[in-house]
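The next part holds the structures, each set out as structure tokens.
First chain A sits with chain B, and in the next complex the same chain sits with chain C.
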Partner chain A sequence: MTLLETLTPVAATGSLSIAWLLIAIPLAVAGILLVVGRAGDAWGHLLGAAAPVAAFVIALVEFVELLGAPPAERAVSVPVYTWAETADRTIEISLLVDPLSILFALLVTGVGSLIFIYSIGYMVEDPKRRRFFAFLNIFLGAMLTLVLADNYIMLFIGWEGVGLASYLLIGFWQERTSAALAAKKAFLTNKVGDLGLLCASFAMFALFGSVSFADVNAAAPDMSHGWATALGLLLLLAACGKSAQVPLQVWLLDAMEGPTPVSALIHAATMVTAGVYLVVRSQAIFTLSDEAALAVAVVGLCSIFAGAWIGCAKDDIKKVLAGSTMSQIGYMMLAAGLGPAGVAFAIFHLLTHGMFKANMFLGAGAVMHGMGDDTDMRHFGALAKGMPWVFGTFAMGYLAIIGCPFFAGYYSKDHIINAAFGRGPVFGWLAIVGAAITAFYMTRLMMMTFFGPSRHLPGVHPHRPGPVMVIPLVILAIGSIIGGLVLNGWIQGWLSDAIGAEVEPVHIFETSAIAWITLLAVACGIVLGVLIYRRPIAQETPVSRNFFVNAGRNELYANAFNEAVFMRPGQRLCDGLELTDRYVVDGAVNGGVTLAKGASGLLRLLQNGYVRTYGALMTCGAVIVGAVMILGRLA
Partner chain B sequence: MTSPTIEYGLIAPLLVLLGGAVCAVLVEALVPRTRRFGVQFGLAVIAQLIALTLVCAGWSVTPGVAVMGGLSIDGPTRIVWSLLLVFGLGATLLYGERRVSGGTSAFAAQAHTVPGSRAEHEAIAARQENTEVFVLLELSLFGMLVFPAANDLLTMFVALEILSLPLYVMCSLARRRRLLSQEAALKYFLLGAMSSALFLFGAALLYGFSGSFQFADIDAGITLGIESQTLLMAGLALTSIGVLFKIGAVPFHSWVPDVYTGAPTPVTAFMAVCTKLAAFGGLLRLLFVALGGARWDWQLVLAVIAVLTMVFGAVVGLAQNDVKRLLAYSSIAHAGFILVAVVGAMAGDALGEGLTGSVSGVMFYLAGYGLATMGAFAVLTMVRRSGGEATGFDAWAGLGRREPVLGAIMTLFLLSMAGIPLTGGFVGKLVAFVAGWQGGYAWLVVVAIVMSLVTAGFYFRLVKIMYFDEPDASVDVVKAGTPTWVVIIVGAVGTLVLGLAPGSVLDLFTSAAGFLR
Partner chain C sequence: MNPNAYIILSAILLCIGLFGFMVRRNALIAFMSVELMLNAANLAMVTFSHVHGGLDGQIAAFFVMVVAAAEVVVGLAIIITIFRTRQSASVDDENLLKH
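And now, the complex of A and B:
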């Protein structure tokens, strides 16, 4: 069986050779915005929003070029820069444009363009808007580096870059303690995952002498099963950190402290899916180790339920969406862990999710904007009338995520459930249950936000967003409706043309037993949600004794667990180390410095300014030279 | 007796430079005083530019031995010549800078007046300028060009004297703190005379050993296994000491801190870069061409000297509180690092594709070191307090915050000297240490790496002072004229280029690294 990405890249020609501009444009714009300072306040946002559009155009041109290329020549290597060239090793930086990375580039720049434009309106009153756009462009450049890299080290550079941008943007309103802490938490949790990626890269370099995708894929079949499992688990750790999967999921909910466009772009549509991308890119390793692939699938399943659980319990609209992101990425991970059968569907779901989740996040942002930056759904209600455009577009996202037939999520999720049954009935059934819960909590969100009587706080008067925010919503809503239909028949072929794997037949409407059962489960979830949340809803969160509710509200006690198991012992360790450092290490270092300074002082005595001393020193030196020579002869 | 033949084509750059110097003497006699400085400056720049053009044009000409076996115009010679003329131009530009010190050059108005005397005040009041420095510079540079090209011990000795004597004079010419400057010159002269004597004695002993001053004959004598090994070893030791003195290797370094501090800064820059270049070129030729057969003798000695030099430069540098003196100690440490490559004694072509040998390692290191050092000295001339250069660390506090561009460039130079990747200094250290490693001196490379960490300590300390300490209001960062900025910018760009794209330069150096006897 041939696998994804085992093609040897061909050299770039035509428009593909300018792929580096994809990365250079956003980074250059970010640099300009940061350097010009306040002088750019008047036009910074326009320049900032132009960068992703330009990048999108380039990506589109390259996509068309790849479409026209014969399948075997769709993986293209774009050399950028040769740093050093020697006989046995060339250190070269080049990009890889292939069916997978170009899809990502399109998603990042396409959804990115819409969100950047939306941000012009969203951040209109923020005095730091120019800086915001600079950070967004840093993110864009880093994300494109990540997906266009042709080796793990460059991928890692992009990986760290998006982590940095995420940190800067979560903590964008740094004057809020909660935002600053959330940023720090996201950064630290990500570092745990980054360790996995670094170790995996080191191991690959030791095993294969190279970290480029092509070399690793070519050499992977020769490695031992143990190494394959180890590499797979390390990469999974990295993916868990970036994609907020169990057990490194804790940062994602707090990350909602950032401005909502950031949540939409980075923490829903693009960056958090980088983990899925990593697993898909490294399929050559995961196919060699069943255990590692199984671990991926299990992590995916756990995350589906952890996210859904949190989504059911939270009252904060952004946190519900964050829980649902975690859960949906769980589906992608599950698919990525199913081997070649699922990989294409993981990417499929990733793309549709990118559209409908960005849509919903931007919708939630519009709601917040109109409600005076309140995010508590218990203070919403009756917004379907107050904000018809927002409601209409949000509803499209809703129908897409629950898997309503003919909407985007329907196709991608159904394929994953089907493929999960191929792995084993347990996986399949759990995936169906997950879909039912998704339908339940999303219905809950819709009911609490848009229907029922108004529970607005006094003094809040919902106002409608302007066109600069509505137009991106409409475009994303259209994507949420037709995205699945458009990609359904095509994406398998696109990703497998290159690989020669078999394409499973797909239909506009599935009529298999599994499809019907899934639809039934989703319907149950919707009905249950409507029935429960038709009842009056209190403005304050009621106290609950129910363990499940409390666990969900407390994010499954993951924070408490981390505090007890890692933070406090870590603090104690630090205290102990600090004492050791102060008395033992400092003592040694200070001693060493004193010694060096003493030696320095002694040697300076020789530098006394008298020529006679210098002359004597030279004479002594001549004697030493002679002595060493004679000793060398004798030895 | 055959009549002597002279290959004018091969030695044209030498003749141009010497011709320039002779013309400069005429300028002294004929051009009015008011216009002399500009004319001398222009003449020096033009002469060196022509010489540089000739050297570049000569790269394609087949290497050959010229002037009856006296000079060997081969690849290494051409590398050193190119570098020497580039850095010589840089030094000339610094010599010609008059804006930093309010319209006067860095040199004494009238060198022969007694410091503090009425004659001196009169000379200053009349705004007299010392223009002979340009003649001295050209003559010294001529000696430096001959030195690494010399193919016999006598030519080498004469070249050593030609390059040294003008240097002694130039050291004494500082406009400010003249007593310090004159003292430095006297010390340099006395110790230099002593080292010349040692070199000459060594040359005589080697003549006694082989019956010839020609490097080829000395090499043949070693290969044939002539009995009198004592003569060989003593001659080897003494001639090496003569050259090691110019390099500033420990324990023949004592003059370096005092002379670098006392000499006018442009002269210090010239000495720190060009003298070192010429001396290393000469050392490589002496050791590889004439004494290559005795390498088992000199490798160990040089290894010991390299260790002493690195340790001394790095450790004593830690205790410095003056930028000019710090650069002096740093230049001692760098000499030690370069000696690591010399000790390796690897020919590039023996190592196979992709590896550079000792010669290109040394030369590349010197190129990176020269760019950063000359640039750093140029920056040094711009930091002033009440008219004179302010070289104390306290004066440099907060410089990076007051002058972001200058601070960033100086930081780049310091990073390059510390050997941080993406700068020329890093690649230089890499190729130099690899040459030492390939030559079987792994332990020496380990010492070198540890010591480069120690040197990084004092470079970073200066960076810290430049960015994190409170600025001193009494210090001015004066506006410099074009010449100084050209040196600074070429240094910065060159440092980056050598760090980011070292390939072509390394290839060029490696392909030209073969000596000709």
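And now, the complex of A and C:
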């Protein structure tokens, strides 16, 4: 068990002291867009798209400043204000800008800017476009709060904020029942995970008297092994909820009901990776408990295969990409569970994935846009000619995700596979199999969408997207190509001090046996995909009796499982409570009333209206009172 | 002067009044019986006042007289009104106010 060395934050200077603007700008813009109402319809989208660009510029300036700082001073604490002050405890709201959080801020604002700009074109015909941009800005502000927080409570506020934004945006077209239900499902599933984060924060406060990352990291080695495991598992539960990992993965596929830019930004590039961020941020706890770290790795592996399985079976292009997201985040979780050897690669893969998956989601959005909002790949085909720019950029994302040499995903994924072999051969081999399946289902997606004969529905004429949608695609495609090369040799050293990662030597082209085997596995996946999906594809989903196909199409029966295990017993419990209320509680109340009514009915008969009876009763009473007084005196 | 005689007289008067109130049906007689009971009480109070040598009992007796006079005014008015509407002065006929 190694003790994790992390940086102690220093006070902020220069441009770093305005880090709070990163959060304030999007939130202020969101407020303006929501308050001005229809008056802002004409310019709301422009203001909305300007916010992430401004935030990106600030993040870039701060990144450059951190680059210039000596490594020991790269964790910077930015006090914002004192929230509460008591005799023995002061609660400060302050931000933490360190190598990890600034990378996240760059990813969120950078990819965010491109997706916001793309949305201007994508949502052009939607009457609620201004509100869409307001919600996107709420998301941006909350996400930046999440990554810039210097303690678990502020992180939790951001965590809930992105959950709210996700809910609002999945259900953006709330007139569709399916979208409204999907939003509710995402929100409720996330609540299960949020409980884990809350309980972990409470436990930290009880154990250490503080929830700030610096204090927790410093005090963690003193806690017992049992507490470390418990905290680790609670944080893992939170990460599972937010990152759609097994067993809380059910919401992600339904989340595709939202507009496609939302799927790209929130449900692929940024928000769903918050779970990985949480695990990496809490490495101090996971290094103390091998059990918790192992649980993270196992959850990651399960999610790799669950996502890939679903990706192989679905015909809806967005759901294939959602399954793929789940699977790729599984790789990140696996890396995060490998301890200091893997955390840097988890973040590396997170960054490259953010670029190539956003690229592919936006590409899928452009395809849908051109095909009359159809998402069924069985109605696509031959789009390589119809939409050359979309095809070209999508192909770059495809090459990146399957791990084609020199593309972004090649570096990040291979490093994770290497690190997994360091943990145990089972982890490594399973990760390689996952890479092969990834290659297969992505090839399937490419073949069904862009190649083969046209299977378009009658009346659909693919049209090309405008420049406002193509330019972000091109930039993201460039990122998918060179992102890995640029970050490969640098990111480990950059992150090593902040999160306690080990620095392993890396090469531009790995020539180890593992690297060759991985490439071979990927090639097998591609060849298999081409061979199978070169054949004619039916326009309707054929009925299948294959268990694997049906399980994949039904999202591994997770919904049925949840309904049988949680929903129906819950409903029965509620029914039982309702019956108890109606018959036991109401019965007691009504019974008491009936009793009082009957008794008073009998007593009432004494009031018979005869004055002389009253007189007699009064006399009797007076005699009794007199007798008692006299007898009392005598006694 | 032996106060016992006055007390016994007061008790006799009270019993007569009580008896009359409970057995007679005529509202006027019942009313007179109530007055008799009040005066029995007055007599007892004056007697005790004399025995103790204070004036409290006598002052209380005056108050009772004043209240009794007021009560007579109201009571007779009620009895006459009832007699006018129901053509009866029997207290047993006025039994509408019941359960």
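The working rule: the second predicted complex is superposed on the first by the 564 of 635 C-alpha atoms of A that agree within 3 Å, B and C clash if a C-alpha of one lies under 4 Å from a C-alpha of the other, contacts with A are read in each partner's own complex, and residues count from 1 in each chain.
In this section, contacts are C-beta pairs under 8 Å (C-beta built on N, C-alpha and C of every residue); 3 or more make two chains touch, one makes a residue touch a chain.
These numbers come from a predicted model, not from an experiment.
Participant: Does the superposition put A:Gly615 against chain B (first), chain C (second), both, or neither?
Facilitator: After superposing on A, A:Gly615 lies in contact with both chain B and chain C.
Participant: Between chain B (first) and chain C (second), which, if any, makes contact with A:Pro70: first, second, both or neither?
Facilitator: Neither chain B nor chain C is touched by A:Pro70.
Participant: Which chain, chain B or chain C, ends up touching more residues of chain A in the combined arrangement?
Facilitator: Larger number of chain A residues touched: B.
Participant: By the touch definition at the top of the document, which applies to A:Leu605: first (chain B), second (chain C), both, or neither?
Facilitator: The answer is second: A:Leu605 touches chain C but not chain B.
Participant: What is the contact status of A:Val625 with respect to chain B (first) and chain C (second): first, second, both, or neither?
Facilitator: first
Participant: Find the residues of chain A that appear in the contact set with chain B and again in the contact set with chain C.
Facilitator: Dual-contact residues (chain A): 604, 606-607, 609, 611, 615.
Participant: Flag every residue of chain C that touches chain A in the complex, lowest number first.
Facilitator: 18, 21-23, 25, 30, 91-92, 94-99
Participant: With touch defined as at the start, can you tell me which chain A residues reach chain C in the complex?
Facilitator: 604-612, 615-616, 619
Participant: Name, in rising order, each residue of chain A that touches chain B in their complex.
Facilitator: 82-88, 596-597, 599-601, 603-604, 606-607, 609, 611, 613-615, 617-618, 620-622, 624-626, 628-630, 632-633
Participant: Under the definition above, what is the set of chain B residues touching chain A in their complex?
Facilitator: Residue list for chain B touching chain A: 186-187, 190-191, 194-195, 198, 233-234, 236-238, 240-241, 245, 250-252, 254-255, 257-258, 296-298, 300-301, 304-305, 312, 315-316, 318-319, 352-355, 500-503.
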